[in-house]
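For reference, the structures are reproduced in the following blocks.
In what follows, chain A forms one complex with chain B and a second complex with chain C.
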Partner chain A sequence: MVTRHSRFPLAHRMLVPLGVVLLAVLIYPLLFSAWISLHDYELTALQDVRFVGLRHYIALQGDGSFWNAMGNTLVFVFGAVALETLLGFGLALLLHRPNRYRDFFRAILLTPMFITPIAVGLMFRFLLNQQLGVIPYLLGKLGIQIDFFGPGLALYSIILIDVWQWTPFMLLLLLAGLESLPAAPFEAARVDGASAWFTLRKVTLPLLKPVLLVALIIRGLDAFKIFEYIYAITRGGPGESTETILYHIYKVGFRFFRLGEAAAKAYVLIAITLLLVALLYRAMRTAEERR
Partner chain B sequence: MADVRLEHVVKRFGSVEAVKDLSLRIPDGTFTVLVGPSGCGKTTTLRLIAGLETVTSGRIFIGDQDVTHLEPKDRNVAMVFQNYALYPHLSVWENIAFGLLARKVPKPEIERRVQRAAAMLGIQHLLDRKPRQLSGGQQQRVAIGRAIVREPNVFLFDEPLSNLDAKLRVEMRTELLKLHRDLGTTAIYVTHDQEEAMTMGDRIVVMAQGEIQQQGTPREVYFHPRNRFVAEFIGSPTMNMIPGTLAQGVFRAPELSLPLAADVAREEGQAVVLGVRPEDVQLPQVLPPERRTPSIAATVEVVELLGSRAIVALRVGERELKAVIEERHLEQIREGESIEVAFDRTRLHLFDALSGARLP
Partner chain C sequence: MMGHRLRRWITEVGVLGILLVALVTVLFPYFWILLVSLKPVDLVSRPDVWLFSPSALNWEEVLLRSDVPRYLANSVLVGLATVALALVTGAPAAYAFSRFNTGGGPARFAILAAEMMPPAVLIVPLFLLMYRLALLDTPLAVIAAHSTFIIPVVTWFLIGFFDEVPRELEEQAMVDGYTRFQAFYKVVLPTVRPGLAAAAIFGFVLSWNDMFYALILSGGKNKTLPVAIAGYWTFRGIEMGKMSVAILIAIVPVLVASFFVQRRLVKGLGGGAVKF
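Now for the complex of A and B:
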């Protein structure tokens, strides 16, 4: 007994449950999806699974739908995150100033974040609906006719919905960042006669850069996973104009049952995401080193 | 160049009165030190002059201009902060030039002024570095350089040397004073360090609890403290304080009684506190006969040798007295032994026991 115990020290034995859980929910699915991405694995033909090598990966080159979805996703991520950052930063600057109603405004501005995205999607599906929606109705009264989910606009409407829901997140992070900055450089700038704009450019933004980059990484990664709005509102339409990458993979895997192909696409998505994270992370590291 | 005047300035933070009805005139070209324990309102006063805080009531003048409601940038003052407040992402050159860039001063003029300030401070070779590549002393010079190039009417210093080590602090004191002599600009300097105040100020303003306790030259404040607070705050080791009563020109305390000069005689039986600076407690033979009080028996408890002098802790009855004795007289003093000491009678201070005010 004694020898067995010394071969497996207590610390190692206590790690076993965690190892089992990780194996079951992380490593096994990852390996399994890697395996099926190399096979012709279709839910409708499970009795006939054949090894196809890298065929799914190679086929991606000519897969217009996949690249269309990737393009839509990038437009969505850059558009939404850029707007959210700008608005969030502007609001953070306003809320950072001493104001009697500060706590009230903070509470109000943060609420959209606490609604589940699928509900937000459904909400805006009705609010913006051309026949039933209150917003097109009011705009119509002003003589403005907009079909928010029409072919040219749908993706941008989705961006606006995302901005509505997630600007508060940027606001929260950037406000925390602003409040953690030392007061002295700003006081020095005031005494030195710097204008608000000069202080913003020369002091606030450079000092806030690390926080900004972290906020961009978190929000950018999250935006990549856009699914609920598409599922609740457009289902990728009209045509494929709002089909984002996650929705596309979902469609291939769970509507067309081509799980092998979907797994290969998911792996490509992981690679692209990791590359973006690495780039941003490096930018953050250099920013921190310069401090 | 300008003098600075504060008239009945009050500053409240909520229910706390940080500065209470403060009136003060700081003459043009002087180096004035505001000194006091933390929370005495000295930094708030400085920030009020800078415009970083707004007065609750009262007025502030710089030169002939009423600046009470002006923004900091319109007061033409420059401030040096305790933690330097350098911009970490900008080079030393950009840090020094910041105020000039912000005011859109022409480039050649900026270059000229930055070079001149850097030369005065001996930091020309550091202009391309970032603040984090500098030592504390160098960072402080950059902060001072940033103030100099502005060519302001008034320099404001908020405990600028307190983050430096002791040796560097003493060096920078001298350098700051030299700089002040060369520039001749009015300077207001805040510190909690009474020694720094004594060595640097043309004038000292001692503050406590939001009020001015005394203002004057370092000599005036040291030798004629207006009240017990100033007497105990200025000077190290602290002035010895002996509570007692005055009757018929004699000071009586449980441990000693001393006949005082006739002119300090007060109403009979008045409760007073006798103040004696440690350097005025001496071996009787060291003091000239006409200046020494009758001898007092004391027990030597501890001798702390500082080099040329020693701080000697004495026990007189129930009371501990500190004496500063020159090293060459120390051979007569041994820990645990009894000796005789006397006070310098020309340098005794009497304070009212209740109000703490100086009795003339």
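Now for the complex of A and C:
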């Protein structure tokens, strides 16, 4: 039986179910979306769809709202991911040390990453609300007055909410990375009398780089999808100051019903994210070679 | 010697202190939402009241006199169906990727890319397709949308788990007279059962947590729980207690599940590409 050669080898037959389903729900919609992006597809006029070529793409040049949303998203992604990486790495170092309560801390500290983001958004909207919220109330007792979702501050408050939810993800990956590192280089550094700071910079970080790269890419790409906090808290306001790219595309497509334009914007989003991933990958590679 | 021990003691206390701060930061929001869910209606909007005689009214309202249980059932249905589909299609494919290296590196990369696909790109065509098929506002629409990322995630997880199974296992089974597929089905699959469970739970959690697709494809009568929670957006004072209950209903099962998958999650996320 092992040597039976059918026209379709087993390996290919085992891929058929996956292939069929992904073709239907993923590949076909992707191609359909490209077609939509070249047409004047409006939800209010589905009988009257006209080919417009690249008009939606060209129009992006003068589309202030789109670039504003892209800018907000980049600020959000860089701010949130940087903070999450720093905090996650710090906590991973602390939890990596032998500690009696380690598993307890670990299990609790990881919980936020499993919760539905809409619940996190509403929870913090409530907690941080000026009149109803317990955090402004407690800060008020210390004499601090902050309007967390006021103009100028809202985007940063949303970054902090993301940090609450997603630092655990960085902690999870970086802690696993630390645990998998070989012991020998650390032993050598200890014998040579290297300081903790030196060991961290010259031994731990370089060894951790592959894990760090994976964690940064997964988290970064995920952060681009931010939608729920915006939907739960600000709906893009004040003004358009917290409108992120996914919220913008949602608004254009499903509030203003301009589906063709939304599809084109989504394709531009893919292009920009791919570019960023490539840049990050190259930056990490170059840093590796210089070492 | 005393100085050394003192320094170590200070370090230990410092570390514990920082970890406790992190712990309180994580736990306080849960604690507050639980507290509010038990508050009598008139105290819900009073952040200065921490002590009161608890009331079950919010819980009764949500569990007995609202549609939340139905939305919860929708979420369970969508999650189970999506995960079942993901396991049936993903397990054989992951085995082929792992054992025969079908498609090589590019195939693995395609799975990862599918997993990362921004929902912005798929929502417009999926919406139009579901509209044409008259499936808007049904669980089927959401199941299809969730499949786009949960099938790749589950497949990716399983590649990593299959990579860990020694090849001798199915070779022995085939010597014993099994076909390759029987060896996969009857020998390899049972040995990766913990991995299958972890992938299934993680896939279920991802489906359970999604609001974006569910909001657009099924935001009416057949909401899922996250969409229903988003409905408490209006923030009228009385609603906050009920919102807290709904939030707890959405997060408690997931928190329990998380304790079972935490350990295996790392290996799964690496998908056999990164050896941790």
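Descriptive notes on the structure:
The rule we apply is simple: the second predicted complex is superposed on the first by the 261 of 291 C-alpha atoms of A that agree within 3 Å, B and C clash if a C-alpha of one lies under 4 Å from a C-alpha of the other, contacts with A are read in each partner's own complex, and residues count from 1 in each chain.
Quick note on the criterion: contacts are C-beta pairs under 8 Å (C-beta built on N, C-alpha and C of every residue); 3 or more make two chains touch, one makes a residue touch a chain.
The structure displayed is predicted, hence computed values, not measured ones.
Partners chain B and chain C, brought together by superposition on chain A, fit side by side with no clash. Touch criterion met: A:99 reaches chain C, while chain B stays clear of it.
Looking at the superposition, the partner that touches the larger set of chain A residues, chain B or chain C, turns out to be C. By the touch criterion defined above, A:23 reaches neither chain B nor chain C.
Applying the stated contact rule after C-alpha superposition, one finds that A:91 touches chain C and leaves chain B untouched.
In the superposed model, A:54 makes contact with neither chain B nor chain C.
In the superposition on chain A, A:184 makes contact with chain B only, not with chain C. When the two structures are aligned on the shared chain, A:193 is found in touch with chain B, with no touch to chain C. Seen from the C-alpha centre of chain A, the directions to the centres of chain B and chain C diverge by 80°, a value given as a multiple of 10 for the model superposed on chain A. Once the two complexes are laid over each other on the shared chain, residue contacts for A:206 go to chain B alone; chain C is not touched. Once chain A of one complex is fitted onto chain A of the other, the partner contacts of A:278 are absent, as it touches neither chain B nor chain C.
After the two structures are overlaid on chain A, the closest C-alpha atoms of chain B and chain C sit 7 Å apart.
Under the contact criterion defined above, no residue of chain A touches both chain B in one complex and chain C in the other.
Only residues 15-16, 18-19, 22-23, 25-27, 29, 32-33, 36, 45, 47-48, 85, 88-90, 92-93, 95-96, 99-100, 102, 114, 116-129, 144-145, 147-148, 151-152, 155, 174, 179-181, 184, 205, 208-212, 215-216, 225-226, 229-230, 232-233, 235, 237, 240, 243-244, 247, 250-251, 254-255, 257-259, 262, 265-266, 269-270, 274-276 of chain C touch chain A when the two sit together in their complex. Listed in rising order, the residues of chain A touching chain C in the complex are 1-2, 9-12, 14-15, 17-22, 24-26, 28-30, 32-33, 36, 41, 91, 94-95, 97, 99, 101, 105-112, 114-119, 122-127, 129, 131-134, 136-138, 164, 172-173, 176-177, 179-180, 210-211, 214, 218, 221-222, 224-225, 227-228, 231-232, 245-246, 249-250, 253-254, 259, 262-263, 265-267, 269-270, 273. Here chain A touches chain B in the complex through residues 182, 184-185, 187-195, 198, 202-203, 206-207, 209, 290-291, going by the rule given at the top.
Interface residues of chain B facing chain A in the complex, by the touch rule stated above, are 50-52, 71-73, 77-79, 81-90, 98-99, 101-103, 130, 132, 146, 150.
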